[in-house]
Structure formats: C-alpha cells, structure tokens
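Order as written gives the chain letters A, B and C; numbering starts at 1 within each chain.
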Amino acid sequence: MPLSRATDIRRHGALRRPRRRGLDAERRRVLIDRTIAIIIVIALWQGCSIYFGTIWFSSPWLVFTRFIDEVQSGDLVFQASYTLSAAFYGALLGGVPGALLPFALRRHPVAGAIFDPYFTGGYGVPKLALAPLFILWFGIDLEPKIALVASIVFFLVFFSTTAGVNAVNAQYVNIVRVFGAKERDIARHVVWPGAIPYVFAGFRIAAPYSIGAAVVGELISSNRGLGFMINSGATDFDTSIVFVGLVTLTLLVVVINLLVARAERWLLRWRPPQQGMSTRVVGA
Amino acid sequence: MNGTPMLQVKDLAKRFPPRSRDEEAPWILADLSFDVADGEFLTMVGPSGAGKSTLLNIIAQVDNASGGEVFFRGQLIETANGAGLNPGWNCQIGYITQDDNLLPWRTLIDNVTFPLKLQGRFDDEAKRRVDELLRVTNLKGFEHYYPHELSGGMRKRASVIRTLAYDPPIILMDEPFGSVDAQTRTQLQQDLLRLWNLGRKTIVFVTHDIGEAISLGDRVLVLSKSPAKIVAAHAIGIKRPRDLGNLYKLDGFGDMFEAVRRQIQ
Amino acid sequence: MTVAALRALPGRRSGRRLVPLGRIAVGIAFLALWQFGSNVMGAAWLPGPVETLLRIWTLAVSGELLRDTLITLGEAALGMAIGGAAGAALPFLLRLSPRLMTTLDPLISAAFGMPKLALAPLFILWFGIGITTKVVFVASIVFFLMFYNGLAGILSIDPRLVAMLRVAGASQWAVTREIVWNTTKPFLFSGLKIALPRALSGAVVGEFIAADAGLGWYIQNARSLNDTTGVVAGAVVVTVLVIGVNAALKRVQARSLAWRPVSRDMTI
C-alpha cells in the first residue's frame, strides 16, 4: 500500500487542523518536507562524521566527490556491471525455467504432486548459506554468483507462477472449450495470459534478491563487483568507497524496481486498476 | 421445421460429488426431460440454486451427467463419461454464461472474433457479420477497449455477439441479464429479440425472473426446487414482434405469471 | 497438494497411491544420484551422502557441532530480539505523525531496496569480527523485515474506524490499543515467522565473511582448506536447521495461513 494513503489518515485523523485547499499546495508541502528530511539526514551524517571521525563514517562530501571520481574513471561502471551481469544472467537462468515449469506440471498433475514437497523443501533451503558450496563447485569467477542467483530466483518465480497457474479461472477455460479450444489453445489463450501477472510478481520480488545474492557471492569470494568494492574498501579502512558502493547498490535496486514496475504496467495494461498494490519490496 | 427436435433431454440426472465414502450425495437434477424444437425460443424458469446452470453445463458438455441422455438433432451425446465430453459439440452450441467471461487481456474486438479465429473461420463474410453485430448493439467505436474499461451492459452485449458471431445453431443462455440494472436489462432483452429475429436460432434461456421468461419465450418450462425436474410447461401465445415494455398490460399475462409463480414454490 | 486437489486427480484411486510412492521413489533417486555423482566426480568435488553423514556424526560426537550451532543460534536470537523489537515498535511511533510518514516514504522505499547483506563489511569495519558484528548484522536484517511488516499493518488500518473512535472520545492510547495493535498483530506475527529463518541465514552469512566460530565459520574454513566434505556437511547441517525451524514455526502457528508465495513469506 503506497504511503500516500497516509494523506487520507492525515485528513481524517487531524480533525483539528484546517483543511488545506488545493492539491498543489499539498504537493509543494510534501516536496519541501522531503527536502528538509534529506537535509537533516545529511546533517546527521556530517555530525557523526565530525564526532566519530571520517574513518568510521566518511562524510557526505567525501562520498559525493568519491562517487563522481569513480563514475568518471569508469571504475564504478565496471564494478557495477559485474554485479549486474551476475544478477541478470542468474535471474534469467533461474526465472525462465521457474516460469515455464508450472505450465508443464499443470498437464501432469500426478508428477506435480510427487515433486511438490521437494520444491517446497528446495524453497526452504537457505541458498545464501550455501554460497561457499557454489563457490567450491563453480569456481571464483562469475559462475558461482550466477548459480546462486539462479537458485534463489528459480524458486521465487516457480511458486508465484504456480499460484498463477492454479488461479486460472475455470469459467474462462469452460467458455473457451465451448468455442472449440483444444488443450494447447487453452494453455496459450487462457492459462498463460492469466498467469503473467503472477510471473511478473515473482520477478518483481526476485529482483532485489538477485542483486543481494550477487553481492553476497562477491563478499565471500571475488575480485570484482560492487560487493568486492565494498569489502576491499572496508578492509582498507577506505570508508568512502564503502558508502559509494552502498549508495550505488541502493540506486541499482531502486532503478530496477522502477523498470520492472514500468514494464509490468505496460504489459498488463488490460488489468483493472488495483487497490492497495504494494510497489515496495524488501531487499535482501 | 423438420420433425427431429434440435435438442432432446431424457431423464437427465446429476448428483453432487460425494464428500466422503459413506455419505450419499444429494441429487441436483433428477428425471429431467424436455425437447426443444428447431428455431424455438425456450425459456426455463426456476428458483435460484435449482441446478439451472448445472443443466446447461451438461448440455454444453463442460460437465458430465450421472445418468440420462442428451440428443442433438437425433444424435446421442455421451455425457456420462468425462473423457468423452465434447464441449460445444464442435462449435454447434453457443453458451452465454451469467458472468460475461470476456477474456480480460483481450480488447473487445479480439474477444468477439476469438471463437471465429480459433475455429479458423474468420473470413470476409464473418468479418461482415461481426461488423453488423457491433453496429446493431451500439458497440462500434469501442473495439479497442479492454473489458475493464467498458460498462457492464457493454460487456454483456459483447459476450452475446461473441457467440452469435460464429453462428451456432443452438444457443444456451444462463441468466445472461441477471447482473445488470433494470433499465439495461430491458434494453438488452430488446436487443436479444431483435438479434434473434435476424436468424431464428434455437435458444434455451434460463432465468429466475418469471416476467422475463414469459416475455421472451415461445414456451416456458418451470423447474422445481432441487432436485430439479420439469413441473410444468406453458406455451406463450403472444405474437412477435413483442413490445417488451408494455407486455405486462396484455390480457392473460398476469394470470400466466401467477400460475408460474405458484408452480415454482 | 491439498487433499481436495488430490481427490480431483483423474483416475484418482491409482493416483492417490501413486503419489506417496512416487515421492519416496524420487527421494531415493535423489540420494542415488548424489552417490553416483560422487563416484563419478570424485569425493574431492562431491562427497557422497554416506561420507557427509559420517562427518556430521564425527562433529556431533566431538561436540564441535553443538558448539558452533549454539553460537550461530545465539547470534540469530539476539539479533532477532534487538532488530525485531525496534522494527516492530517504529511503525507505531511513525503512525502518530502521518506527515512524517509521507515525508519519509521514498527514503523508506530506498532503504528497503538496499541489500542489507552489503552492510556486512561496514559492520566488520565498525565492530570487528566478534559476536557483536553478527548480532548487529542480523538485527539490521530483522529490523527492516519487522518494520516492513509492521508498516504494512499500520497502513492497512481503516482510518474511518480511527475517526469513529476519536469522535467517541477515545484517547490516542485507547485507539492504539484497540485498533492499531489488533490490526497490526497478524502482520507482526507473520513477520516473526519469516524473520527467524532469515536471521539464521543472516548469521551464517555474517560468519562467512568474518568470524572465528559458528556454523558459517566452519563452512568457510573448510572451504579454504579444500575440505569439501566439511563444506557439504556444514551446508547440510545449516539446511536441516533452517528447515527444522521453519517446520516448527508452522506447527506453532495456531491459525494456518493459506500458502501464498507472492507475499512477505519469503525464504532465501
């Protein structure tokens, strides 16, 4: 549920305050509030930096200038692309089978029933805790990170797609059958379009986790990537680069979320507007 | 009109699926028998929950029966065995359900042409027919809208012409106008009669609204409470074309209404 | 698969017997494949099930298993307590100022989006490689989880109910007690349910990066020594632990939630 609902709470809860007139005034006020909030956060940061020392906290200015440096030198893009490629390829490798398998299982319900506890079990296995195992098996380069991300994304997308396939509207299936649809037509024209929102939800939830998993892989063993950048920075007491890395990661996740939401909105434009759709996802 | 009825239902019976091994499941339909002549507009009226939808599901072959037989044009249809079901009977049956069941991810025109395209029959003549149907139901101009952007009445009309577009000889209708407001309903009923006049298809129209059943049909069958069976049949003598708005003023309408109402109890 | 769904399977009588048999068959096939893979690839790359079990047994007997498990569990529990309390309390406070909530909305979204696991090196920088680091790490993960759930609960409160109570003269405290707490309670419990396995996972990951004891340390240490059996044994123990905790939590939960994978109930 978007926090703009809080505006309703404000309108109803603050019975004593006079009602503001006009939406523009309200929007301006929110903007001013948010700017003040950001300034306060930066000021607090600067305060911690002064009080505890830049070696522990760096400082807003230091991080900012370091960020610019890294971008200009191309180093940030280099590291970020490493992390991103691990996340992206892993998401593809895990997400595509995760999205397709439920459709196959739908036609073979007995097989689905047999494998069901194994899928649930596999979902429950803490993949991140098995990261060293992946590294042992696949080496220390990009492969283990891709494998790690894939293993996580697979289960997320699999279960959400399964929910979508199971939620298929039986009435649609019946009516389409009366029109003369065969099994393949049903899968193509009813089950698949009906399940797409769920597939998307799976990817939307998986997106921040893919980045997180790639970072964990890098933290444990890597010589490239944002996780590596953060780790080596911490080891060298180079706090500025640590914060640069953290900020970059946050930006990446936010941007990816936005892109996925945008893609979803376009692909699913046939959907009636949803109430209380949460666009927020908790990162790993 | 030749002698063989378009549709024959003999001693149709259907039970609920059993909850447990020992319990006897109750019957939804029992000893249901009736005929529908070619080109007849048959209405069936009964209380809610009597199994009207189940009956239509069995006839359309999306559900199987526990007993009894169904004949189309004299041909016996296998309905007891689930595997033998042939939903839609090779596109000879149209089925307009209570919910409009338009596929939400398809535009209006994509929905209406969907059966035709599925059957590979979307030729120029079909295109013309679809065009005409859109015009008659005032849906022209809305072709590229998604169902959620259309009003309930428009969606209803779209679902009706979706079936009419592929021109099946017999059409089943399950309380199609139940979910719209009274004004829209009268309008839709007029539209339906007008469309029906164009082709004189065989229609089996199920409703719980007695007035609707009498106004629209050539013949009214009254269903009893569950387990449903036919308790009465009334021939409607009112000549067509009918003025739906003023039908209730006609002689005999009130008596017929009262008679049916009592039979439903 | 639910019983009802099983009943609906075609040819249901044979299907019903087939399914549990099939499950056992798949389980055996999995173990056989594991052993086969071990034989083919060599125990250095993939130790077989028997070897792994033997190692676990050795560790259990020597007491190492218990010691490391307790350390990891302790870190997880402590982190959960701290992070959980803070994360659960904050939404209640935030609720008192809707203006603040609207203001902080984008910042909160960004904070949620950041992978908390990336904070590990920073915490190591600040707190060293001792227990504190892991506790803080777990606390940060659990904090955001509980905060997210608590916030969802707060936002789901019907403002009309609140207005109604205020009009009737209820104090802020009464409103909190009656409506806010009851509405938010199921969200918080749901959050706790997924926080525990996450906390465990987080503790283990934290130990990967910097530790000198605990299950995660054991696994990472084994890896650095190329002790593949140790890595696999440790991984099995962690897996069993997390799955066991999950199962126990499910049973503890009085009211069963319908399994909705597309929800906050996510395990990593």
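Following the convention adopted for this analysis, a contact is a pair of C-beta atoms (placed from the backbone, for glycine too) under 8 Å apart; a residue touches a chain by one contact, two chains touch by 3 or more.
Note that the structure is a prediction, hence the values are computed from the model and not measured.
Trainee: State the chain with the largest centre-to-centre distance from chain B, centres being mean CA positions.
Mentor: Centroid comparison gives C as the farthest chain from chain B.
Trainee: When you average C-alpha coordinates per chain, which one falls nearest the overall C-alpha average? Tell me, please.
Mentor: That would be chain A.
Trainee: What are the two chains with the most C-beta pairs touching?
Mentor: Per-pair contact counts point to A-C as the maximum.
Trainee: If you average the CA atoms of chain A and of chain B, how far apart do the two points sit, in angstrom?
Mentor: 48
Trainee: Distance from the CA centroid of chain B to that of chain C, rounded to the nearest Å?
Mentor: Centre-to-centre distance between chain B and chain C: 53 Å.
Trainee: What's the distance between the Cα centroids of chain A and chain C, rounded to whole Å?
Mentor: The answer is 17 Å.
Trainee: So which stretches of chain C touch two or more other chains?
Mentor: 10
Trainee: Hey, which residues of chain C end up touching chain A in the complex?
Mentor: Against chain A, the touching part of chain C is residues 1, 5-6, 9-10, 15, 18-19, 22-23, 25-27, 30, 45-46, 95, 98-99, 101-122, 124-126, 144-145, 148, 152, 155-157, 159-160, 162-163, 166, 197, 200-201, 204-205, 208-209, 216, 219-220, 222-223, 228, 231-232, 235, 238-239, 242-243, 246, 260-262, 264, 266-268.
Trainee: Flag every residue of chain A that touches chain C in the complex, lowest number first.
Mentor: 1-10, 12-15, 30, 33-34, 36-38, 41, 56, 109-118, 121, 123-133, 135-137, 152, 156, 159-160, 162-163, 198, 201-202, 205, 208-209, 211-213, 215-216, 219-220, 226-227, 230-231, 233-235, 237, 239, 242, 245-246, 249-250, 253-254, 257, 276, 278-284
Trainee: Taking the touch rule as given, give the residues of chain A at its contact with chain B in the complex, in rising order.
Mentor: 171-172, 174-181, 185, 189-190, 193-194, 196, 269-272
Trainee: Within their complex, state which residues of chain B touch chain A.
Mentor: Of all residues in chain B, those touching chain A are 57, 60, 62, 87-88, 90-91, 93-95, 97, 99, 101, 103-106, 114-115, 118-119, 146-148, 166.
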